[in-house]
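Structures incoming, each one as structure tokens.
In what comes next, chain A is part of two complexes: it sits with chain B in the first one and with chain C in the second one.
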Partner chain A sequence: MGIEIIQGIISIIIIIGLAPLFAGFINKLKAILTGRIGAPVLLPYYELQKLFKKETIVATDSSFISRFSPLLNFIIMLIASAMLPIGFWKPLISFNGDIILFAYMLGLARFFQILAAMDIGSSFEGMGAAREATFALFAEPIFFFTLGSVAFISGQTSMYEIYHSIRLDNVSYIVFIIICSISAFLLAVTECSRMPIDDPNTHLELTMIHEVMILDNSGLDLYLYQYSGYIKLFIYGILEISFFYPFSAHSYLVGLIIFIFGAIILTFTLAIVETITSRFKMKNIPQYLLFATAIGILNLLIYTFTK
Partner chain B sequence: MGNVLSILFCLSLFYVCITSRVKGFVTVLRIQGILLSIIIVIPFIYHFSVFGIILPVTILLVKVYLIPKYINKIILDLDIKRMIEPTIQQFSFLLLVIVTMTVIFIVTHILSQSTELNVIPFASGFSAIIIGIYIIMFRKKLIVHVAGFLILENGIFLFGTSVASELPVMIEMGMLLDVFVVVFLMGIAINNISTTLSGFDVTALGRLKD
Partner chain C sequence: MDRTLTNGNDLLILAFTIQIISLIFPVIIKDERKSIIVFNIALVTGLVLGLISTLFSLLFTSVILPDSIISTLSNNWIRLDGLSLYFLFIIQIIAIPTTLYNISYFQHYINKNMPIKSFMTFYLLIMVSTQLVVIANHAILFLVSWEVMSISAYLAMLFEKEKEEVQKGSFYFLIATHTSVFILYIFFFLLHHESNSWFFNDYHISFSGNLAAILFILSFIGFGIKAGFMPFHFWLPRAHPIAPTVLSAFLSGVIIKTGIYGILRTFLFLKPVPEWCGWLLLVVGIGSAIFGVWYALAQHDIKKLLAYHSVENIGIIGIGIGIGFIGSATKMPVIEVLGFGGALLHTLNHAIFKSLLFIGSGVIYQNLGTRNIELMGGLVHKAKYLTILFLIGSVAICGLPPLNGFISEFIIYNSFFQTAKELKNYYPLSMLLFVVGLAFVGGLAVACFAKINSIMFLGNERKPISHFHTSLFDYLSLVIFATLCIFIGFYPQPFIGIVNKVLNNGFAPLNSTSALINMNWTYLSLIFLSILFGVIILYNVMRRIQKKYGRRTSPAWGCGYSGITPRMQYTASSFADELNSILKVILIYKKKVKISKEPFPKQVTFESHSQDLIDDKIVTPGFNFLKSIIMKIEFLSQTDIRYYILFILIIITIYSIIAFIWV
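Moving on to the complex of A and B:
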């Protein structure tokens, strides 16, 4: 029992500690692939350090929601990261049905971020909030149909148990995992506002979804938002990597090695996708998200009617 | 293995619903041709026969190389615009397809209880037939209609392989309706429809009166 708690705590520390590095690594690879030298890999840490020292200025018209929304975001990300298994270590929070808690924890964070963006009263941020809400509406079914179909097949409802129960008995299971990882990748790209859906680099009003909502935040508030953004990206990365644990045949050490390799491959994939694709048109995004949902529905149909 | 390829076939059907370029259709036709030829080759791995190899090779040649190449040539020659001009939005189209596919899987499940059939290839083939018809219904361009017909026909092919594992070779050859499609394409190319109807827009036919 004691060792499991220690492992759970180590997992959270790994997630919190390595999340900015993951983002920095993606940016560095992206720069190299486009022929630039790029910023140092540790730049996100320096940026966070800089923001931590700066003074926090709050808009005069804003209410208490803008004050506590950044902190709430950060705490929720910490709780969500406590639910994910790293290399077959049992996470700190794990019980039957935590898959739903996980989804709605992230939903709660998004809800408060949207409220805070509207609270400031700028029409510009309201537009970003509206976009975020719209795309979240299409992204949530992806999560439930993808992870839900795995949960349905394994008969488990706890994330740790679900990932633990994937077995590679026949070839169709491998294909199933690969297909699920495609839709999980689309989910990660949407939720973390990465390239084909949203461009993290532009600061143009017509193209932004996520970045626009935190324009009026500064200092510690911005620090918390940025940090929770990095953690969120890493969380979705882990969600994706966890599909490939069964290849390690349930050994802790090999699980960890798969985790590290998976993270490296995922950074490469994200960087390559961001280099070779351009942003989708805003009106075309819902159909791509529905495509990912359709993959989940197909999985569910196949496993319901072929049993 | 046939099940896995059928699942990939279904994914290609989803992609065809959201793509908005004519080139996307051509790519999907190529992919489906490769998938179908692999599905047919699989039974012959264990007992090799020359007749068994003829059909997959023909499919590979016709479906993957000749027809897509010819469609691409027509697109270039007649200077067809790259967008597909749908009559309903892709989002609603995909929703419609998901609902249809769900119904088909349920129906197939019910059917499989009374007769012997492979559920996944049967349902994928059936879905491809319906989606081919949808594409013909909900897209305006004539060249996309031809692609829709080819998808429908790929569906018939997959449908056939799921019902019986080994059909007589001549009947299987008869399934190569693709050759018939070439007649369509030649009609489009020779009559140079883009100039007479000013684009491959079938809505123009609605204005005809007697």
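Moving on to the complex of A and C:
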């Protein structure tokens, strides 16, 4: 019992500590792939450090919502990170039904982020908020189609148990898991506002979703938003990596090595995807998301009938 | 007999007496202001006493004994079993804050020659008859109180009867409620025919022949119209906006729940039901939920929007009941308890947060004189606490943690997982589709409530607000509801206990499972508390840091353009536009843009409309068709009263002949 709690706390520290590094790696790789030298890998840390010391400027017409939302976002990301397994370590928060809590907590964070964007009273943020609300609509269905379908097959409802139920020994099940992970990847791209959906780098408001929502935030507020963004990216990364543990082998060291290895592969994948694709037109995004949803349905149907 | 239980029931009789006596105050006190206050305070006293007695029976008795002193006194016409007590509890807990809100709501209408006193009379009739509906054990008493409840709701709805929309909307309510009661007559007559008794506790029909299937369908349609399931929902968005706010809150919070009560009561008559009943409710439920919330998204009238959200939540309750039916059909008490438990708790939760939202919108309506959210905005600067209270209701209705909506949706999600786990076969696949459907509903609800909260409260004032007044009683009722939302969210155990007790007294076999209680409620409470404390701690840390590095306000960035006006803010239509465009066909979402081609365009117009498919393609044409048939027999409508007497005689003769042959 004691050791599990310590492991859980260590996992949270790993997630919080390494999240900016993960984002930094992706950016560096992307730069290299596009023929640039790129910013240092540790840039996200420097940025956070810089933001921490900046004066906070809030919009005149904003209310307590703008003040409250970054805090809530950060806290929710912290708690969400306490629900994910790293390697074979049991997460700090793990109980039957935590998959539902996980999805709905991210929903709560999103709700307040949309409100905070609308709180500014500017059309820029309004546009971003409306888009976020629209595209996020598909996020939870895709989440349940991927992780939820594994849950239904295994009969488990706790994330740790769900991932542990994955046994890569049956061919049709392996195919099923691979397609699930593709679906989860599409979800991660949407939720973390990465390339085919949203461009994390541009500053042209009309093309952005997530960045435009935090356009008028600065200083400590922006610090919290950025940090939660990094954590969110890492969380979705872990959701993706965890599909591929050979959970039958129970060794903490092996788990950790596979985890690091998986993270590196994921970094490469994200960087490559971001290099070779361009951002979709806004009106095409719902189609992309419906495609991701359809994969989930088809996948489950095929698995059910070939079993 | 348990002595404590008897005491509780004495209190209930006293409560009813006080409630009825409170009617004399509007009659004897001439001054409108005083009579409103005295009447409502007396009514609240009665309701509080009733609530104490109900809570006493629900919380402190180990097993709910339905045959108590009140049933002996009433010759078994009234019986307080678990289900009745639970719904009585919902009615009383909602009625108390709503009645308190009455006091401040009608201050706006004093001395304007409005029928306040007759409204009070009807309001009292609604209160008493709704309570009678759920505790009646006799079919005739049930039907009479059902009819009194519906008709007095109709009459109370006509408070501002000179407005045309009021006449129209309330007429739809009248049609719906009459259709419902007509079907219920047939339902109860069939039940009586089958069992030769008018008493509910004698009805035990085994589900073998066609009769039970017919009974189930009749009850589903009859009670479903009242509850507002999707094909029968047409009266909700028409009647809610035009009713006085107190009534809309009570209508949406409690009266539509009597439909749910009816369906559950039918289940107790017919149990165990076959599986198709469960699937029927599941499919209708998920349909109501998805389309209810989607239609809500396109609305700009706050009360109409909330009415569509009632359809959504009734759908979610229906899903829970459907899972319960499946559990009963497959003899799995675990599934049964989780399904029915989720449905029952969601019934209570929806009653709480929907009343909160309706009353909040009523306060705004009284101040701004409009229900159109496009004309609101920036209310947070004038009414901060109202914003917070409305926000609490919104978070709760979206089913987001850490408030009460999440608790009941969590149970329903768990019931899906449990069904898939216990029943294997094709269940995992179908249950997954329901999980995804419910998640989709959650996403839409988040979008919808993000929309109305931000358009109504945040940003700048679209229409200048001179002053905004929220009275003490407004706050009182809103705070009671909000506290309940928070309490059930953070500490659901007592309510889970109540629901479990109700379910183990009639639904599942006695104490067959403790699946509901054994869920990780403490764990959830701890996580919610850590969110709360995390935010508080981080807030204080942030304030310290900001003290060091500074914090100031400055106008929002406008790309260098400084002539920004409040009209340039994002509107509700533009917020919902992208979402509505995805499902253009089903929503019948139409846009009209008119741009002048001149070099210096003077006027650009944009309008968007969204209609309800079922309403537009089924209900309205259906009514027109009925009208065209009825117009054919218009010649029968004579001015001479003797003709009518003749018609009545003919009808009675026909009825007698039928009755003679049948018996």
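Everything that follows uses one rule, which is that the second predicted complex is superposed on the first by the 299 of 307 C-alpha atoms of A that agree within 3 Å, B and C clash if a C-alpha of one lies under 4 Å from a C-alpha of the other, contacts with A are read in each partner's own complex, and residues count from 1 in each chain.
The definition used in the following text is that a residue touches a chain if its C-beta (ideal position, glycine included) is under 8 Å from a C-beta of that chain, and two chains touch if they have at least 3 such contacts.
Values in this document were obtained by computation on a predicted structure and should not be read as measured data.
Chemist: With the two complexes overlaid on their shared chain, look at chain A and say whether chain B and chain C clash or fit.
Modeler: fit
Chemist: Just checking: does A:286 make contact with chain B only, chain C only, both, or neither of them? Give me first, second, both or neither.
Modeler: Both chain B and chain C are touched by A:286.
Chemist: If you count the residues of chain A that each partner touches, which comes out higher, chain B or chain C?
Modeler: Of chain B and chain C, the partner in contact with more residues of chain A is C.
Chemist: What is the contact status of A:161 with respect to chain B (first) and chain C (second): first, second, both, or neither?
Modeler: A:161 contacts neither chain B nor chain C.
Chemist: After the superposition on chain A, what angle is formed at the C-alpha centre of chain A by the C-alpha centres of chain B and chain C, rounded to the nearest 10 degrees?
Modeler: 90
Chemist: With both complexes superposed on chain A, which partner does A:198 reach: first (chain B), second (chain C), both or neither?
Modeler: neither
Chemist: Just to be sure I read the superposition right, which of the two partners does A:71 touch: chain B = first, chain C = second, or both, or neither?
Modeler: A:71: touches chain C, not chain B.
Chemist: With the two complexes superposed on chain A, say which partner A:274 touches: chain B (first), chain C (second), both, or neither.
Modeler: neither
Chemist: With the two complexes superposed on chain A, say which partner A:301 touches: chain B (first), chain C (second), both, or neither.
Modeler: So A:301 meets both chain B and chain C here.
Chemist: Taking the superposition as given, does A:175 touch the first partner, chain B, the second, chain C, both, or neither?
Modeler: In the superposition, A:175 contacts chain B only.
Chemist: Quick check on the superposed model: minimum Cα to Cα separation from chain B to chain C, whole Å please.
Modeler: So the smallest C-alpha to C-alpha spacing between these two chains is 8 Å.
Chemist: Name the residues of chain A shared by its contacts with chain B and its contacts with chain C.
Modeler: Overlap of chain B and chain C footprints on chain A: residues 286, 293, 301, 304.
Chemist: Could you please specify the touching residues of chain A with respect to chain C in the complex?
Modeler: 52-65, 68, 71-72, 74-76, 78-79, 93, 95-97, 100-101, 103-105, 107-108, 110-111, 114-115, 118-127, 129-131, 133-134, 136-141, 143-145, 148-149, 151-153, 155, 157, 215-216, 219-220, 224, 286, 293, 296, 300-301, 304
Chemist: Which residues of chain C touch chain A in their complex?
Modeler: Residues 378, 380-381, 384, 387, 395, 398-401, 406, 409-410, 413-414, 417, 420-421, 426, 428-429, 431-432, 435-436, 439-440, 442-444, 446-447, 449-451, 453-455, 457-460, 519-520, 523-524, 527, 530-531, 534-535, 538-539, 542, 545-546, 549-558, 564, 566, 568-570, 574-579, 582.
Chemist: Chain B touches which residues of chain A in the complex?
Modeler: 171-172, 175-176, 179, 284, 286-288, 290-291, 293-295, 297-298, 301-302, 304-306
Chemist: Any idea which chain B residues touch chain A in the complex?
Modeler: Touching chain A from chain B are residues 1, 3-4, 7-8, 10-11, 14-15, 17-18, 20, 89-91, 94-95, 97-98, 101-102, 105-106, 108-109, 112, 119-120, 123.
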